[in-house]
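Next, two complexes with chain A in common: one pairs it with chain B, the other with chain C.
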Partner chain A sequence: MSALIFLIIFGFALTSILGLVASGIDRKVTARVQYRVGPPLWQPFIDIIKLLGKENLIPSGASKLAFLGAPLVGFASVVLVATLLWKNNLTPAQTLGGDLIVVLYLLVIPAISLMMGGFASKNPLASVGASREMKLILSYEIPFSLAVLVPVIKAGFLIRLGELINFQAQNGAVAGNLSGFIALGVALLCVQAKLGLVPFDISEAETEIVGGPLIEYSGAPLALFRLMKNMLLFVLPFFLIIVFMGGFKVAGWGLLWSVLKYVGLLVVITVIRNTNPRVRIDQAVRFFWGPVTAFALIAVVLAFLGK
Partner chain B sequence: MGVKLKALLKSPWVFHMATGSCNNCDIEILDCLTPRFDVERLGILLAGSIKHADILLVTGSGNRQSMERVKRLYEQVPKPCLVVAIGECALSRGIFIDSYNCPLPIDKVIPVDVYIPGCPPRPEAIIAGIAKLIEKVKSKA
Partner chain C sequence: MNQLTNQLMSYFKVDAFSLFIGGFALFFYLLTRVYSLSFMRGRPGITRYNAYLFLTLISSWGAIFANHLIVFLVFWGFLGLLLYLLISFGQNERVPATAQKAMIIIGGSDALMILGLALIYHLSGSLNINEIHLGTDNKLALLAFICLACGALAKAGSMPFHSWIPDTAQDAPIPVTAYLPASLDKLLGIYFLARLTLTVFKLTPGLQTVLMMVGSITIVAAVMMALIQHDLKRLLGYHAVSQVGYMVLGIGTGIPVGIAGGLFHMLNHAIYKSCLFFCAGAVEKETGTTNLDKLGGLAKTMPITFISFLVAALAISGVPPLNGFASKWMIFQGVIETAHRGGHLWVLWLLAAMIGSAFTLASFMKVVHAVFLGQASQEEERRVGIKRETKPLMWIPMVVLAFLCLLFGLFAKAIPLDKFIFPSMGYEAAFPGVWNSSIATLLLVGAVFIGFLIFLMGTIMKTRRTEAFVGGERLQDHPEMRVSGTDFYHTIQDMRGLKGIYNLAEKKQFDPYEVGIREVSRLTNVMKILHNGILPTYLAWVLLGAAILMLVLMV
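Here is the complex of A and B:
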């Protein structure tokens, strides 16, 4: 019972509010970078409410179950990840074993749900977007897993997030070492692709395939997809903070420091998104399998050497 | 006024539909989205897909080819939605009124909520038109 309450309060309510605020900050910063005033901070909340009130259209010939199920699957996985992360962060002692691997798997599911929705909607542009999403997953998963391996090696092959936090509490954050720092950079680039932000918004590409997998969605399912993306904007940096930067402390002055860590990561993501053009899918694959994987391997080797 | 409508007026996503305009009106619409006029202040975003749109911005004189598409696209917008006709052409077919190719003005084909005159209207006029539309919907509800 208490687990369910934890899931609803922390996994869903708190994370979605923080995610929407993060998305508002992102839009505001983007506007300031472009010398604009920008929308109010609570604009993402209004967008979600508006979409919930709109008509929900299902394209004729689409697979209904997959089309409406896809946003639910993606959303549920993000809520689960958020619950696991909060649980680990608040009570590092009592968590299940090997949850790092569970989280890594669950973090792929939002992208898979986008693919599912795209293919189910029977729109050629959505299919193009979904196939690009698939290639993008294949390209960033390898360096992302390698980068996450670095803190695991550092902590002496612990694959429980709670133990990783405890280890960093005693020995300092992983990102403080050379290998950890490189791995954090690699992971940050992969997070950019996981979030589907410029320069890796290839699968959505508003200007060429008008939203990719999302093209046929309207009303509540679209609201769910947007909420999922906004929550990821909080969950993914949160995950990086846990594995690389010593967790998100919520007591006393630690809270201020933790918020600074998060806002720092968010601003880096926003600035990358605002200063780069979109790359082509083949360029993205080459980028992730080439230099990014090479850096990730270097970080892993350095971690083995104890740097 | 319901929460639904309130939220709609605070975050209207616009879809840009040209039905055979000379492109000047379209350029003026795009001007509204530039940093100088910045309509994102009002929550307005340019939607790429018709399924995400709340407001249709129709420009152009509506020739025989495009009128069928206009009707089909209007049916595809998730309701509630609003329609804005921008430019003299969209209002009354403008200088093309005698053309063999423009049999009907747009408001005979789909319901239009606000008319913004001008050839082309200035971006300020377009923003003022959208603001008036929001006022009109508010006072009706």
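Here is the complex of A and C:
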């Protein structure tokens, strides 16, 4: 029962508020970079509420169960990951329900739900978008797994998140080493792709396939997908902070430092997204399997050498 | 009489491990039997088919409970023969060649096993399985181990003895594939491999590394092939190969959690792979094809098949909280734990296992799109009114198996591990990681409930059906705009480096069986020149031979 209350307060409420604020900041910064005034900070909240009041359209001939179930499952998985991360972060000693591998696997579910939603739309553009999403997963999964192994190697082959946080509390953040720093950079690029942000927004590509898997979505299901994506904007950097940067401290001055870590990551993500054009899917695959994987391998080798 | 029974019983041994395997052999037999009632109805030779199926169960029990290597090998040999006979019930022109291929690969590996058995007798003087304890540090024992392991790997379908599985999957009747290569042969092969590595032989670290390498290569290579298949059954066949890699990898770690994970994965694989084959059979029965290009949009007409297939597909892709994730998670931990022994190769094995599951997901996403979701092909579109869900006798086994995927995932520790796997191993494994599936699922359900509340806050109760939006065109007028899903991964297939490998694989350059056949027939073609059927030529050869013989004898 206490776990469920924790889920509602931290996993859902806090994470979604933080995610929506982060999305607001991201949009504001993007606007400033493009010499626009930009929307107010609370615009993402308004968007979600507005979408909830809109009509729900379902493409004819589509499986209603798959079409409406997909956003539910994707949203739920993000809430679950957020709960696990918060629990491990706040009380590293008592781990609840999941370790590093579990989180890695749970983080694929949002992408799966997007694909299932796209497939269920009976729309060729959605199918094309969903297939690109899958190819993107194939491409970034290799460097992402390698990068996340660096903290595991550093900590002496521990895979519980609580143990990783404790290890970093005693020995300094993983990102403070050369290998950890390179791995963090690699992981950050993969997170960019996981978030579906430019230059890796290939699966949505509004100007080309009109939103890809989201093309047929409207109303409440679209609101849920939007909320899921905004929550991921907090959850994924949060995961990197736990694994590479010693966790998100909430007591005293630690809180300020933690917020700085997060904002730092968010700024890097926003800057990348504002200074790059969208790549093609084959370019993305080649990019992740080529140089990014090479850097990830270098990081792993350096970690073995103790650097 | 009593004495005779006693002596007979001394050839067999019942323990927790063999009971576990034997029990599940029976379970899968019953499901297959029920499924066949409907699937095989009206086919010729159904009585023979049923008899062979039952004999398969009995022989597998003989092999599972055998405590004497010769008894074991006899029953094991029967299984190869029965597989050959059962494949012959297939209904296309490739069946004889396929049955022959399976027979030659399995039979050939059985011959190797006889050699291994002789070596074991030479080394230990006993053929009772529980009396043999050999190291693998001397050459003869190593050879014996390799011979026997080849038999186990060929039965399970690990590389390089895998090539009979995709062919069998494509050509044999679906219940046969679901029972033999997908479940029973995995149970038997991995059971025997586990017996070999855990009790009979003591593996050196080098040999464990070799096993892990075989496992990793199998995972990645087979799943890459599965990615580009156009036939549902053949695609599933390649996955049946790829998943063996995980089991071999887990057992190869030599770490308790890895071994338990390998055995658990064996059980899980048998469950979800039979479920997938059963679903493929239902699709084949209702539509008459398993060609991915020709299917599509079946989710609406066959919802039970769709849900069962989806659950099993997500389970094989390792999506939490289903059973496939639980066992993969244990194998990963086993691989990471080997790091404490020193050596850095574990990173490669772990990476292979991880990308293996990403590629598995990819190929199943393609199948889910091409068969169940996505737009229907034109042939299918015409059949919309006639199509219906498959018969209860066929969907009940699928639903049972899909339910087991969920159950064994949610209560991984309480049911399969505590009841079957750990008693089989004789000890419990410690987990370096933590995955509490029941709590996580409870949380997931809670989160879905929150999502549902958000739905209710909106106008979800009022929905309207519309035509799909494709930039203003009407989709019905443009059948050529349909995306079937079979070409999803052309980007990857056409990548530099991969393209060449795929081309070679399409030409079967990596199939030892096909390569062997080609080389042997090249040799016999040379011989054939000598046999031209003209008597004077033969006489000339005889004279030539006699002359050489004389020369040798005189000089």
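The rule we apply is simple: the second predicted complex is superposed on the first by the 304 of 307 C-alpha atoms of A that agree within 3 Å, B and C clash if a C-alpha of one lies under 4 Å from a C-alpha of the other, contacts with A are read in each partner's own complex, and residues count from 1 in each chain.
To be clear about the criterion, contacts are C-beta pairs under 8 Å (C-beta built on N, C-alpha and C of every residue); 3 or more make two chains touch, one makes a residue touch a chain.
Computed from a predicted model, the values in this text were never measured in an experiment.
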(message) Once both complexes are superposed via chain A, do chain B and chain C end up clashing or fitting?
(response) fit
(message) Which partner chains sit in contact with A:Ile112 here, chain B, chain C, both or neither? Use first/second/both/neither.
(response) second
(message) With both complexes overlaid on chain A, does A:Tyr35 touch chain B (first), chain C (second), both or neither?
(response) first
(request) Of the two partners chain B and chain C, indicate the one touching more residues belonging to chain A. (result) C
(message) Per the contact definition in the header, classify A:Ser60: touching chain B only (first), chain C only (second), both, or neither.
(response) second
(request) Examine A:Glu216 and indicate which partner it touches, taking first as chain B and second as chain C; both and neither are also allowed. (result) both
(message) Contact-wise, after the overlay, does A:Ala175 reach chain B, chain C, both or neither (first, second, both, neither)?
(response) neither
(request) Answer with first, second, both or neither: which of chain B and chain C does A:Asp99 touch in the superposed model? (result) second
(message) After the superposition on A, what does A:Asp47 contact: first (chain B), second (chain C), both or neither?
(response) first
(request) For A:Pro124, decide between first (touching chain B), second (touching chain C), both and neither. (result) second
(message) On the chain A superposition, what angle, as a multiple of 10 degrees, is formed at chain A by the C-alpha centres of chain B and chain C?
(response) 110
(request) Determine the nearest approach in Å between the Cα atoms of chain B and those of chain C after overlaying the two structures. (result) 6
(message) Under the contact rule defined above, give the chain A residues that sit at the interface with chain B and also at the interface with chain C.
(response) 53-57, 210, 215-216, 219
(message) Under the stated contact criterion, what part of chain B meets chain A in this complex?
(response) 2-5, 7-8, 10-11, 35, 38, 40-43, 48-49, 51-52, 54, 76, 78-80
(request) Could you pull out which chain A residues touch chain C in their complex? (result) 3-4, 7-8, 11-12, 51-61, 63-66, 68, 71-73, 75-77, 79-80, 83-84, 95-102, 104-106, 108-109, 112, 115-116, 119-125, 127-128, 130-131, 134-135, 137-138, 141-142, 145-146, 149, 152-153, 157-160, 210, 215-216, 219-221, 223-224, 227, 281-282, 285-286, 289, 300, 304
(request) Quick one: which bits of chain C touch chain A in the complex? Just the residue numbers, please. (result) 297, 299-300, 303, 306, 314, 318-320, 325, 329, 332-333, 336-337, 339-340, 344, 347, 350-351, 354-355, 358-359, 361-362, 365-366, 368-369, 372-375, 432-436, 439-440, 442-444, 446-448, 450-452, 454-455, 457-460, 462-471, 475, 481-483, 485, 488-489, 491-492, 494-495
(message) Quick check on the complex: what are the chain A residues that touch chain B?
(response) 27, 31, 34-40, 43, 46-47, 49-50, 53-57, 206-207, 210-211, 214-219, 222
